[in-house]
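Please find one structure pasted underneath; my questions will follow.
Letters A, B and C name the chains as they come in the text, with residue numbers starting at 1 for each one.
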């Protein structure tokens, strides 16, 4: 009884917030106004045109083209076509109903081989099978009946949600791929008739947004990323995640698509339009988590490696993530090694500057068929060529995304130590650092590379020297030493008072490299007098006390808490809490 | 009525192939030319192609056209009997689907086919020997070209070099070295040679059987021949067969011969003919998987089988049949 | 008259061109690009004329078709990224027989004694159906990462199944219920092939370790790599009538041939544009016609028993699998 009452209260609260979100209302109207004026064969444009009443005839023509479209990959197509259809079906002529239905018979859709592919594919199948129930095997492209498709999709989506809420996503915290999780979940939440599926889709949206919010700063998705494209890594506000932050967090203030310097690669993808049309509303607490930066905080997470199929010891080893968030910058890192194929972004500092290229990081550009063979089933020796075809940068020595077995990190608040131990004979025997040209200052002094971006100060101390290479928007710092290390200190006007004070404080640090050549260990006393010790073998110590990465929570920080495996995620803000319980499909406030 | 029974026979055949075609037991194929029970115009026992697995003992299955006078047959090796030919007075019957369906590939110009030879390296190439000559096809019999004129009772393709062929003709033993395009007489110029067979491991060693002149051997690809006489009391040999695993063992049969066996590669022979109702042996075949097992086809008493390398024989079915040819293939 | 009727009936019955059905699985093509509409068609291609012409069958979209095999009576099984697909009408219509638990299927093998039983080798282990794909079950290999490149049903005893894994060759004696390592361990097995004449003879190709042969049904193994200068072997094909002639498809060396049962291998890649050969096929009906499927170089054909090669089709295609019925 009590529970029921609680559920009823929650429901009422939910309804209230849905009606009462002026930021979202203003921005969603604005977005739909822009998207509905576009004229491309896009499910989001179609939905926006119809739902705003702006151009039904034009939308029908576009939808007709979309049912014949062959360019979009099957999984991208599956959920976005059914989504556009369900958002608009009451307004469509009969002929289009039939054409959309036939697309699910005649278009043979690829399920894909990544987590986001499957979310899109099975969301599409779930909703299509729900829309056309009771139809036989010969009416679906995959030869399965409506019921078989529905059941299979429901089962996998349930499995994915449980996995994501217990051991985490494999494609976690991706500024690019977050779109491919949020959009299907918005469609699923909007149209699933099964109240449990609908509710779980809503909880997944809460989880995805909360996960983002805790590492969000002014439209930037900070910290380490499982997967990202180099364009977005070196220009964080150009990532698709910024579109979602704009709509749901109210940040940044500017409209990303109107700014040439941040214009997303997939402009015209417009997936956020589904969000603008949908009834899902962000719990206000999550927006507060995304935007309240009054106190700096440490936030840790445990994620998982995407499915390892061979050349490993475990299918989904854990990924340990450490992020330090302030009102001016985010310094964040993954613990290192091969955690994801191809597109990993291990660490960076991202500053809230309003400028493009607002980030600094280093990496070892690693590429090997062996790495790819851990995750893809094609032949090991062939894979490097193969993936190079899709991700042209993969084998490039100059790439800006990489997972390297020769890179390890250790972070303590605003101090980070990165160690490199490149094996002899590797394809690319160097490490690179990204330094934007638009920094206010970049200088070298006493072994430190000193950078200032507005009120944010970044200092890097390489153990071994490198050289500077000028590029279009950045300087590339490159070291050809196989063994190297970088100490990173980040500060800000708010923390340090002034740029001079920050630089002066570096003189108080002490770096002991005596064990570097033998055991690849560094001992470092930082500006706060904290003694850090880090060895490439994985020993991490703070003031003589060993840090165990396994102690990291599933989420651990002031805003989000969860124990790995529990399936319960608690958000806290100013004395209030909201718990998502995926075991019972309940939300407790 | 006739059509329906053909279809049923076809279905049965297809069932048999799927039931048996995938084990490692080979299949024995025989062509039945006629039976002594044959009466023109009556409901006669079937002739044509029959097959069995050795484990079926005396049970045979008919396949293809009924009541054709099947002089010879050929089975392309290694494809579970999918490609087969039956040579008859009507022409050359072909199946490419394991007996499910058959087609006569020859027209009115080709008749009285006595021999079919296949190129093991390319099933497109087919050679037939007829009463009027040798014909060659490079499209599995869809089109034919005459390449030799004269009565031909046996054609074989060299197992090691498919450009070489041998033919037993009424004017001697002939050889082609250009895929059957042109023919030259070998050193064996005896009239009415009947059969020629190649050593399974040594391409230059050949044995030939003749009408009235016994068995000849060549060790140089037909250039020169030597008569083999040790132990031989008969003169007409229609068939000679090597043991494919142990080629020192050779079998031969012919008019009133019963079965002869040699254990020294054909130099000396011994008659082993217990158990035959009729001792005219038209065809002998050795099981390639179990070489102790030898089949002999008689002219009028069906098929006989030995399980002890030809020492003892027993009838294994098709009573009364005049067997044209036996082929055992996997 | 009687004979004439028979002849007519028989003559009208023969199906056209059913001699030998070759099936090629084109995984992808170097010409392929994501999210464009004019990509080369990939997937399943069938030839009934010895590779003169190839006809695409069924699904045109890229679903990662690794291997396809025609069974009897128009049934075709296909191993794909999407799962195991089955067609009952020669490839016109397909059904995905597997659910979400089965993905990245690299190879299938049908039980020769029971057409409703099929084994699938996948990036996540071995799966089996005993009811023509209505239901599938995992057959756990007991490995932490049970990646399986290939699976083989022993045709002389269909309870004996071999699985090619990254840790070595495993064998089951009870139709997949339990597995045990064979003597061939600590090798990444890429392919396993049974001699068409003597079922007790087995051949294995490995990553980096060349070719192995067993003559006792998989109990003991001997290295048979003399002359093989490229030791990663993706494909092995045995001559259908003469099992001492074998072909090996290697990474980097193209095709190797042995004429003495693996005593000595000789490279034979004349004309082969790309030396990465992932699959091989010797025609049963024309054993001098040999196909080599390359990764990113398309399908090559030899009409002289593998001495010389010519591009046949699918220029720049990734030919992952070849099979013949």
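Convention: contacts are C-beta pairs under 8 Å (C-beta built on N, C-alpha and C of every residue); 3 or more make two chains touch, one makes a residue touch a chain.
As the structure is a prediction and not an experimental result, all values here were calculated from the model.
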Touching both subunit A and subunit C (chains): none
Chain nearest the overall C-alpha centroid of the shown protein atoms: C
From subunit A, the most remote chain by mean C-alpha position: B
Centre-to-centre distance between subunit C and subunit A (centres being mean Cα positions), rounded to whole Å: 40
Whole-Å gap separating subunit A and subunit B, where each centre is the average of the chain's CA atoms: 74
Centre-to-centre distance between subunit C and subunit B (centres being mean Cα positions), rounded to whole Å: 34
Touch list for subunit C against partner subunit A, complex: 27, 30, 32, 34-37, 58-64, 66, 81-83, 85-86, 93-97, 99-100, 103-104, 106, 122-124, 144-145, 147, 166, 190, 207, 232, 234, 251-252, 276, 278, 295-296
Parts of subunit A lying in touch with subunit C, wherever the complex brings them together: 69-74, 76, 107-113, 118, 122, 137-138, 142-144, 152, 155-156, 159, 307-315, 377-382, 385-386, 389-390
Subunit B to subunit C touching residues, read off their complex: 2-3, 6-7, 10, 18, 22-24, 64-68, 76-79, 82-83, 90, 93-97, 100-104, 120-124, 140, 162, 330
Subunit C residues touching subunit B - in the complex, by the definition given at the top: 2-3, 5-7, 9-11, 13-15, 17-20, 50, 72, 112-113, 155-156, 196-197, 199, 240-241, 284-289, 305
